[in-house]
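Letters A, B, C, D, E and F mark the chains as written, and numbering starts fresh at 1 in each.
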């Protein structure tokens, strides 16, 4: 049962990407896409799709929209702060690797969290071990684990927890 | 030793200088054409009506010069076969498996999600070979890159040889069979006009080109994959 | 916009020549992984140059092959040689001259 | 006006490219060069988009698609080699 | 623009030959060969380029009727496309031989392989 | 490529994206050690490329779908490569800049502290 669901999800994701790549929903495109997605999903039947762990509740849909907005805001904000650092003649750095804790369990959620942390400049995921993430920061505000968790992880985790758990 | 090296280097430089002078004369005498030459003009004017492919390069590779492409695919097949053969000679029997640095969680997860999408991109590239840039060779290379991602996320992973060999032989046989059908039904070996040309710019058009290019794509992908696997299996048994 | 294209070509060509010279150790680093990386850079930049020369098919081939496959082949052989040399000193690629 | 802006943007991209090339040339360690390689490939995607814009041909974007999805493979290969995981 | 690209192609060929002739490490020679390969492809492509024209793919901007006046020569592209793929096959073949030679001799120095010298 | 408001907006976005690319290149040259270079280099260039894609989408609205797809691929693949590289660098024991205040990972794994 779980495997069938997984297969269907992967198939749907691939078909979605196929239509996106082609940029059209003409009949022949869909037919070829169904065929190609089916074969690839068959080859990767042990694999999983981006939406495998997604919780299909209305709240999660709203939160994923909010998550994208929040992420874009963080991206621009932190890029500007990094730009200030790079442009200042003295290079006010205070680098270090801190340890943070995450509550996320699902693979996709953890991947998204690590990617979001890496993409916001100033923080970079170096290693993931169980519930501990090791983050390199350009400016370390506090080496304490709990304070760093609140500063780096909490913002993203709030949304991801609802979406992927 | 150093003196001998010196002489060798000097000779190499002399040789290169002469080749370089040749190249320089070629470059200085080169004037870009202002118009297409005879062959190119023929292709430009007749492809759309005769073959029905929007991508003229694809029309040349698959139909006008189809026999050359058959040769290329054969060369690639031989290369991958010889790589496998050379590496399987005198393989050591009892080497221990390497103890590698384990792969990080992020890469395993990401490759699991990305590999199907890379494969899908490969299929997109070779199915749309007659409309957009790309085609069988590029699509095959992209599919092999997807395999490569899987291999990187688990260096000791072993792919199914039978699957790769089956895909390779089926696509090869299908390619030849389509060529023979062209010989019977249309103008000659590997003629794509065994199916109707359709409307220029649609996905299913240009005769048998999407079909032939898909088979080439699968074959090239399987050949690259078998090269990768035979290289990655040099040390076990 | 041909001026833009010409400037782009010039920048790319400079980059390719520098990378090629690094690769065969006329200038720059002498280690073998760097040489392979530089050769990969040459082929990736060549793909952009092919696109400027109005041949997207070739550009796509070069991008698909140069980005992963050929680099991987080189590094895999290098890694095998390194693992066979385990116990001897670290492989630096330049033992013999 | 728009053309002028495109020229300005292309100039800035070219300068970024040259800076990254300097880092590739300079080193000092192998990993530094890999970072520079990564940055050069990302900048090249912008370059491809600029070429498509200048020529006005949307089909060139397919190349950027392949480039964007595959260029990270090279970096991963080198990184795995450097950490002795290949 | 064509001249710059063509000159770069020729220079890459020369650099590749120089590297293949002066280096004694087998892997480095293969790297040099692949650079020369890229250079040759670049030269062939720039021969096919016609200034002010665009890629040989028909769509709404380049219609089939206007194709002969708008596109560049497609034949060199078809040649180079297959040449690149074959180039990777050849590189893989050379690397496999190198691996085998290393396994036998435990060295990558070309001067140490003396069996075929006379 | 006309001077419509959307076209002007696209041009400005292009310039903004190119500025971020330049900042990334500058950071790559100026930063003192490898981890900071990864931060400055790959992150700023990601935003720069995204803005460039957005600007192009404004200039040529018909390409929007494909540009969005390219942007998504970049967002998905780029952090993966930089994380793998950072991890490899840490395992190799790349020298960190003397300004580094804390390294919990080296403390926990006990290597190359």
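To be clear about the criterion, contacts are C-beta pairs under 8 Å (C-beta built on N, C-alpha and C of every residue); 3 or more make two chains touch, one makes a residue touch a chain.
Computed from a predicted structure; not experimentally measured.
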In contact with subunit D as well as subunit F, sorted by label, we have B
Ordered by label, the neighbours common to subunit E and subunit F are B, D
Computed over C-alpha atoms, the centroid farthest from that of subunit E is that of chain A
Here the gap between subunit A and subunit D, centre to centre from mean Cα coordinates and rounded to Å, is 23
Taking each chain's centre as the mean of its CA atoms, subunit B sits from subunit E at a distance in Å of 14
Between subunit A and subunit E, the Cα-mean centres are separated in Å by 39
Residue numbers in subunit D touching two or more further chains are 3, 6, 10, 17-18, 34, 50, 55-56, 58-60, 62-63, 65-66, 69-71, 73, 76-77, 80, 82-86
Note: subunit C residues in touch with at least two other chains are 5, 52, 54-57, 59-61, 64-65, 67-69, 72-73, 76-78, 80, 97
Contacts with two or more other chains occur in subunit F at residues 26, 38, 46, 66, 69, 76-78, 80, 82-84, 87, 91
Chains touch in the following pairs A-B, A-F, B-C, B-D, B-E, B-F, C-D, C-E, D-E, D-F
Counting only contacts in the complex, subunit E reaches subunit C at residues 1-2, 4-5, 7-8, 11-12, 15-16, 18-19, 22-25, 27-28, 30-32, 34-35, 38, 41-42, 45-46, 48-49, 51-55, 57, 72, 76-77, 80-81, 84-85, 88, 91-92, 95, 98-99, 102-103, 106-109, 111-112
Seen from subunit F, its contact residues with subunit A in the complex are 20, 23, 26-27, 30-33, 35-36, 38-40, 43-44, 46-47, 65-66, 69, 75-76, 78-80, 82-83, 86-87, 90, 96-97, 99-106, 108
Residue positions on subunit F within touch of subunit B in the complex are 76-77, 80, 83-84, 87, 91
Touching subunit B in the complex, subunit E uses residues 2-3, 6-7, 10, 13-14, 17-18, 21-22, 47, 49-51, 55-59, 64, 67-68, 71, 73-75, 77-78, 81-82, 84-86, 88-90, 92-93, 95-97, 99-100, 103
Seen from subunit C, its contact residues with subunit B in the complex are 55-57, 59-61, 64-65, 67-69, 72-73, 76-77, 80, 83, 97
